[in-house]
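Chain lettering (A, B, C and D) follows the sequence in which the chains are written, and residue indices restart at 1 in each chain.
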Amino acid sequence: MMNFLPLTDSVPLAHIVGLGVAVFAAGTFGFLVRRNLIVLLMCVELMLNGANIVLVAFSRAPGAADPQVWVIFMFAVAAAEAGVGLALAVLIWRRLRALDIDALKELKG
Amino acid sequence: MEGNFYPLLKWMILPPLAGFVLNGLLGKRLLSERTGGILGSLAIFLSFIFALLSVSDLLNLPAADRLLRDTLFAWISAGPFTVDFALRLDPLSSVMALVVAGVSFLIHVYSIGYMRGDRCFHKYFSYLNLFVFFMLVLVLADNPVLMFVGWEGVGLASYLLIGFWYEDTEKASAGKKAFVTNRIGDAGFLAGLMLLAAVMHAGGVYGLDFSTLSANARLAAGASFAGVNAAFLIGVLLFVGATGKSAQFPLYVWLPDAMAGPTPVSALIHAATMVTAGVYMLSRMFFLYEAAPAALNVVLITGCFTAFLAAVIAVAQRDIKKVLAYSTVSQLGYMFMAVGAGAWAAGVFHLTTHAFFKALLFLAAGSVIHGLGGEQDLFKMGGLRRHMRTTFILTATGWLAISGVPPLAGFYSKDLILEKVFASGAGFVWLTGLLTAALTAYYISRLLILAFMDKYRGTQHVHGSPAVMTAPMGLLAVLSVAGGMAGAAWLLPFLQPGAAPEHHSALMIAVSVSAAAAGIIAAFLLVGRRAEDLAAAWPRLHRLVYNKFYVDEIYAALVLRPLERFAGWTFRVPDSKVIDGAFVNGTAALFMSMGRGLRAVQTGNAQFYAIVFLAGLCVLLAAVLAGYYL
Amino acid sequence: MEKNLLDLTAPLLLVAVPAIIALLVRPAWAARAAGIGLLAAFLNVSFGGPANIMPFGQSLVYDPLTKLLWLLILGAAFAVVDLTPRADCAASLPANEYYFLLPISAVGLMAMLATGDLIGVFIALEVVSLPLYALAAARRTAAGAEAGYKYFLLGSFGAALTVLGIAFFYGSVGSALIQSAAAISGLKVNQAAASAGFLLIMSGFAFKAALVPFHMWVPDVYEGAPSPVSAFMASAVKAGAVLILFRLFVAADLPLYYKVFWWVAALTMAAGNIAALPQTGVKRMLAYSSVAHAGYLLTGFMGGKAAFPAVYFYLAVYAAATIGAFSLVAILEKDEKGVTLDGLRGLAAADPAKAALMTVFVLSLAGIPPLAGFFGKFWLFAQAVRGGSPGLVVIAVLASAVSLYYYLSIITAMYAGKADVPAAPRSATPLTLWLIGAFVLLGGLAADFFLLPAANALPFLP
Amino acid sequence: MMIGPDLLNIAIYLPLAAAIGVALLPRDKEHLAGPLALAALLLAFVPALALYLGFDPALPGMQFAQDLPWLSALGARYAIGLDGISLLMFMLTAFLGPIAVLSSFEAVKEHRRFYYASLLALQTGMLGVFAALDLLLFYVFWEAMLIPMYFLIGIWGGKRRIYASVKFFIYTMAGSLLMLAAILWLYFDHQSRTGIYTFALSAYGNAATGGTGMLLFLAFALAFAIKVPLWPFHTWLPDAHVEAPTAGSIILAGVLLKMGVYGFIRIAVPFFPEAAMTAGWPIAALGAFGVIYGSLTAWAQDDIKKLVAYSSVAHLGIVMVGALVLEPAAVSGAVLQMVNHGLSTGALFLCVGMLYERRHTRLMADYGGIAKVMPAFAAVFMIVTLSSIGLPGLNGFIGEFLILFGSFKVWPCLALISLGGVILSAVYMLGMYQKVFFGPVTNPANKELPDLKVREWLCVLPLLALIVWIGVYPNFFLKRLDTAVNDYIRLAGGQRPPFSLTQEGK
C-alpha cells in the first residue's frame, strides 16, 4: 500500500482537500436553501465537483494517478445527470408552470 | 376382611337407569301415559326387590362380616389416583337402600295418579327414575368419589324436578337456587375430599374406598393443614357439604323454595331421601369424626340451631308445603344432632322413620292440593276431614308420628336422639331439642287444624284422590305407625351389631312425651277457630317469623347482589376498560397515532428530506467518529 | 481470454442489445424485445457453465456469486417487463423509451453487482439511477414529474456524498477496491477518516435501499411513479442496493459499523412499519413496507459475511412478493391516483384469483408461514441472533407484529368489504403472476434450493 | 397398511388436499363444497382412529414417528410423531373437524368453496401442530393455522368481524413472534454447545437455565399464554368468539385454545424446567385467578356466545393449574380436561349456533321458554351445560376432579381458588340456561321455532356420546396418557414436593 500523505509540494494537501470540502459544503448549503429547480441542479453539480476536487487531491502521490482518470468518468456522469435533470425540469415547467421546489409538494404524507 | 364380591348389587342401580333412558328417549312418542308410569314404577320395584335379595344375603353373613361388594370397572386411574366404580352393601347402606327404593316405589305409584294428564308425564318419570338411580349410587358407593357422583346427581334430579314446571319463572329459579346452593356445599365436600386424599397420599395410602379410609383415619388425625387439625378440617368441610344437601343452616334456604316442584317430588326428594344424604354421608364417614370430636360439636350445634330455627319458622307459614318443608329442615336438624352427639345410628333411625311419616305427610298434602286443584294456602282450606276422609286419617297418622306420640315411629327415634344428646352432656342442646319437639307438635297440629278442622274456607270444588294415590299413603301410614317399634327392635342392632341395647329411662320418655303433648294442646287452644292466631297477638314477631327472619333477603343483600354487581363491574371496568381498552386497544391506538405523527413529518418537501438525510448522516458520522476520538 | 470475456459480457449484451432494439422498433414490439433479452440473459446465466473469471481484475468479476446476484436482478426485471403491458398505465407509457430504460437500468444493476471497484460501483449506480429518474416521470404527468424530480434531486445529492466518501476512502486507504475496506481496521493513521468516508459511500446505497434516515423520498416517488416502475425500484433496485451495501458492510467488517447499523436497522423497521399504519393508498403503504423490509434486511447484516444466503434468499422472496403486489396494483388501478384500500373492496368476489394472489403476496411480506416470506425472515433474523444481536431481533419481531395491521387491512378490504361500485369486468390473470405466486407460496418450504447455492457462493464474497 | 407414519401423514394432509380440491371446484359445483369437505374429514378421521387404536400405551416416547430431511441448510427436519398427550389432542381435532363442517351446511351460503377450503386447511394446520416434533415445523403449523382462522372470522363473521379477526390475528401473532426470537436464540445456543444445527424438540430438554432460561421461558410462555388464553391476555377471545361463525367458534374453543396449553406441556416446560419450576406457580396462579375472573365476567354477559367465551377463560385457567403443577394425576386431568372442554364448549357453541340460525340473535333477553318450543334441543343443551359445569358422571367432572385433587397436594391454595369456579360455573351457566329455556314464551318470534333437524342431530350426537363416555369410562382415554405424562414430568424436572401436612409443634 502506498503512503500518500507526507507531501513535499508547496500547497499542503489539506488545503486542497479543504477547498474541495468547502465547494461541496457551498453546494450543499445552496441545495438546502434555494428554491429554484435549476439552481438546485447547479448546487448538486457544485457538490459533485467539490467531491471531485477532493478526489483529485489525493492523486498527487506518486503512482496514484487513478483518481485523475476517475474524475473524467465523473464529468460524464455529471453531464448525464444534468441532462436528465434539465429534461425533468422542462417537464415540470410544462405541467406545473413553475420551477419552484415548493410546487413539488403534492406527494406527501 | 375385604368384603365379598357380590355381582347382584349393580342390579339395584341399573333398572332405574334403564327406566330413565326408556322414558326419556321413547316416552312421549312410543309409550302411553299408563305404560310410562308403570315402567317407571316397575324399575324402582325391581331395585327394591334386588335390594331385598341383597340385604337378605347380607343378613346371612356373620354380624362382623356384613359387607358385600361389586366392582363394576376401574373408573378413574391417573397417576396415583385409582378410583373404582364399586358398590358396597353393609348394614348402613342396606338400610338406606331399602328406604330409598321402598319409599321411591310408593311415591312412583302415587305419582301415576298425581301427575295424570301432565304434558310432560314421561319426562317426570324419567327424571324420577334418574333421581333414584343417583340416590342409589350415592348410597351404595364404595368410595367418596363415586358417592359424589350420586351426591351431585341427586342434586341434578332435584334441580330438574323443582323446575319441572319451567314455564313458571319462579319455579325455574327455585331449581337454580337449589342447585347453586347445593354447589356451595358440594365445593365444601370436594375440598374435604381433596384434603382427605392429600392426607392419605402423604401417608402412602392410595386407596380411596371406605374400608381403607376407615382403617387409616388416624392419618388424618395426625396431620394438620394451615395449622388446623386435618381430621377436624375434613370433618367440617364434609359437613359443609352435608349442610347443602341436607338443608342445614346456613345453606337451608333452598329447601323451602324447592316446594315449587310437584308434591310427590317434595315428598320423595325433599323430605324422605335426598335431603337425608348428608346424614348418611356423615354416618358413612363417622370414622373421621371419631378422630375429630371437635368437628362433631360443630355438627351438634348446627343441627340443634337449625332444628329450632326451622321449627320456629314453620309455626307461622301459610303454605301447607312450606310448613312441611321447614319441618323437614327441622327434623334433619335432629338427625344431625344425633350424629353430633356421636349416635349416628340414632340419626339413621330417625332418618328412616322420618322418611315414612314425612313422605306420608307430603303425600297427604299433595292429595289435599290435588283435591283443591292446586291450592296450597292453609287459610283457604279447612274442614277437609269431611271432604277427604282417607286423606284426613292418613294425615292424622303422620301428625301423631311426627309429634312424637308413642308408640308411633317418630316417638322412638326422636326420643332416642334426645336421650343420646342428653347423655353426651350437651344440656343446652338437649333443652333446645326438647323445645323444638314441642314446637314440632304445635306447628303440625296447627297444620292439621287449619286444613281439616272447622269449615271449608276455600272456593274450589273439592274432590277426593284415587286409590293409586291413597294406597301408597296407606302403606306409609302403616310404616309410620309401626316403623318405630320395628326399628328399635331390629334396625339399631343391625346398624351397630356390637352396641349395647338402648335403655330408655322413664323420666326421659315422660319429659319428651309431655313436650309433644304441650305442643298439641297449645295448638288446639291457640289455633282454635280464629285462623290468624299468633299474628294478632304479636304482629311484628309474626311478620318476622312469617318472613323467615328475612334470611333470604339478607343473603341476597350481603352475598348475592354484591357479587353480581361485582361481576358486572369486573366485566365493565377491569376487563373492558382497563385490559382491553387501555392495554390492548390502547397499544394499537398508540402505534396508530405514532404513524400519524410520521405522516405529518413526511411533508413532501424534498429539501426537508435532504436535511433529514444530512442530519441523520451527521449523527451516524458522529457515532463512528466518536468511536475513534472518545 | 476471448471466450471468458464473452461469457462475462454475454448476459449484459443480451439485455442491452435488445433494449437498444426496443428503442428503435415499433412501440408494440418494444416490450417483447426487452422481455426476450432479459429472459435470454436469465437463461444464459442459469445454464451457462460454471464461471470464475476476472478479465479486468477486480473491476469486473464473473463468478458463482455474480451469477446468483444476476439471476435475482434479471428475474425481477423480467417479471416487471413482462407484467408492464398488463398495467393500467401501460398505454400512457412511451413504450420505446420505457423498454429501453428499464433493461438498461437492470444492466447497471448487473454491472454494479459484478464489480469489486468502488468507482465501478458508483458509475454503475448512476447507470441504474439515471434511467430510473426518467422512468419515474415516464407518464409525463404532474405527479410523475414531481416524483422524478424529487428522486433525481435526492439521488444526485446522495451520489455527490458517495463520491466525496470515495475520495476520502481512497485518500486514507490508497485503494478504491471494495475488498480494501478490510484494511480500515488495520490502519495506523487516518482510520477515522477512512471509516467516515466509507460510511459516506454506504449512505449513498442506504439511500437507494431506503434506510432510515435516507428513506424520505421513497413513499413520494413510489406513489408518483408508474406502478411497474415502483415495482422495479422496490424489487430489483432495492435488491441491488442492499446487496452492494452488504458487500461493503462485510468487507469493512468494522464493529463500529455494526453498532451504527444496529440503530439504523431498528429505526428503519420501526419507522417504516409505523408510518405505513395510517396509509390508505396501497402503493404508498407498500412503499413504507419496502422501507421496513430494508430494515429487516439490515437485521441480517448483524450476522456478518455468513449471513449472505439469508440476505439473498430474503431479497428473492421479498422481490417476488413486492413485484407481485405492485403488479396487481398496477393492473387494478384505474387512474393515476392509484389503488386505495376502499378501491380494493369486494375484489375477492369480483376477481377471486387476483385477490388470492394479493393475499399470498401480502402475507408473505408480513412473514406468515408457510409462505416464503416467513422462512426468509426467519433465517434473516437467525443471522442477527448468531451475530449476537438478539435485542435487534426482538425489535424486528415487534415491528413485524405492528406491520400485520396494515397488511391485514389490504386483505380485509378485499375479502370482508363489499364493493361500493360494481366491480370492473374480470381480467385474465397473467401467467407470470401465477408463477410468482407459486414461488412465494412454496419457495419457503423448499428454501434449500436457494440457500445451498448461496452458501456455496460464500467464498466469493470479497 | 401398517399403522405408522404414513397413516399419520394421511390424516394430516388429506384435509389440505381436499382444501385445494374444494377451492378449485367450478363455480356451478359450489354446492358440493360442503359435502366434499365433510367426506374428506370423515375419511381423514379413519386413519386418525386407527392411530388411536393402534397406539401402544405402554411404549415410552413418540409413536408413528417419522424423521425426514427438510431444510438441510437450517438443520430443520420434517419430524412428526405422537405420544399419549398429542394423540388425544390429535384425536380431538380430527373428531371436531367433521362436526364443524357439518354445522355449517345451512349457516354458510356465501363463498362456500373458500369457506370449506379454509376449514380444511385449518384442520391440517392444527393436526400438524400436535404432530410436529421439530420446532420449525411446529412453528410453521402454529402460525399457518392463523390464516384460515382469520378468514373464517373476517369473512363469515358477525358485525364486528373485521375488528375481531384483525385483533385475533395480531394479538396471537405478536406473542408468537417473541417465541420465534427465543427459538432462534436456542437454536444457536445449542449449536454453540454441541456443534449441531437442529430444531428437534428432543434436543432441547433443559435447554437453558438461570436468567437466560427464565427470559426464554417467558418468551415461550407469553406465546402460549395468549393462545390459552391466560388472564390478562384473554381479551381477544370474546371478540373472536362472538364474531366467528359457529364452526369457527367450535374450532377456536375446541382446538385452538388447547394449543396454548399443549405448547406449555410439549415445549415451554420441558425446555426450561428450572424456569418453569420457579415461574410455574405464578403462571398457574394467573390460571386460578382466571377461573374466578372468567366466571365473574361470564356472569356479567347478556350475549350467550360471549358468556361461553368467558367461561373458556375459566376452564382453561384450571387446566393451566393442572398442567403446571407436575403431579401425574393433575397433568392427566389437565390433558383430559382439554378434551372435555373441547367437547363441551364445542357443543355449546354448536348449540348457540343452532339457536342463532333460527333467531339471528345471541342475546339471552331475546329468548325464554325455548324448552317448550324445542324440547329435544333443550335436553341436548342441558346435557352440554351440565358437562360444562362439571357434573359428575359427565366428562367435565373427571378432568376437574383430577386437576383439583392432584394440584391440591402441591398448591392447595390454587386448588381451592379453582374450586370456587365449581360454584360460579353453576351460577352463570344455569342462569343462562334459565333465561333462554325456562319461563314463558314471551317473544312471539320464538313461538314457532322448529326442533332439531337430522343434520343437527348428527352434529350433536357424537359430542353427547363422548361427553357421557368420558364421564363414565374415562380410563379408555386416561390409560393412553400415563406414559406420556410421566415423560413430561420427568422432563420437567420431576414432581414438585407436596406441601407439608405434618402437625406443627408435635
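Quick note on the criterion: a residue touches a chain if its C-beta (ideal position, glycine included) is under 8 Å from a C-beta of that chain, and two chains touch if they have at least 3 such contacts.
Just so it is clear, the structure is predicted and the values come from calculations on it, not from any experiment.
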Partner chains that subunit B and subunit C have in common: A, D
A-C compared against C-D, more contacting pairs: A-C
Farthest chain relative to subunit C (centres taken as mean CA coordinates): B
Rounded Å distance between subunit A and subunit C, as computed from the means of their C-alpha atoms: 26
Rounded Å distance, subunit A centre to subunit D centre (Cα mean): 65
Inter-chain centre distance, subunit C versus subunit D - centres from mean C-alpha coordinates, in Å: 42
Rounded Å distance, subunit B centre to subunit D centre (Cα mean): 36
Multi-chain contact sites of subunit D, meaning residues that touch two or more partners: 170
Numbers and ranges of subunit C residues touching at least 2 other chains: 149-150, 153, 157, 161, 219-220, 279, 405
Per-residue multi-chain contacts in subunit A, two or more chains: 31, 104, 106-109
Touching pairs among all chains present in the structure: A-B, A-C, B-C, B-D, C-D
In the complex with subunit D, residue positions of subunit B that touch it: 24, 73-81, 145, 148-149, 151-153, 156, 159, 163, 166-169, 172-173, 176, 179-180, 183-184, 186-187, 190-191, 193-195, 197-199, 201-202, 222-225, 227, 229-230, 563-564, 566-568, 570-572, 575, 579-580, 583-584, 588
Subunit B contact footprint on subunit C (complex, rising order): 149-150, 153-154, 157-158, 161, 191-192, 195-196, 199-200, 203, 207, 212-214, 216-217, 219-220, 256-257, 259-260, 263-264, 271, 274-279, 402, 405
In the complex, subunit B residues that touch subunit C: 588, 591-592, 594-596, 598-599, 602, 604, 606, 608-610, 612-613, 615-617, 620-621, 623-625, 627-629
Residues of subunit C that touch subunit D when the two form their complex: 309, 348-349, 352, 363, 368-370, 374-375, 378-379, 381-382, 385-386, 390, 393-394, 397-398, 400-401, 404-405, 408-409, 411-412, 415-416, 447-448, 451-452, 455
Subunit D residues touching subunit C - in the complex, by the definition given at the top: 71-74, 111, 114, 136, 139-144, 146-147, 150-151, 154-155, 161-162, 165-166, 169-170, 173-174, 177-178, 180-181, 184-185, 187-188
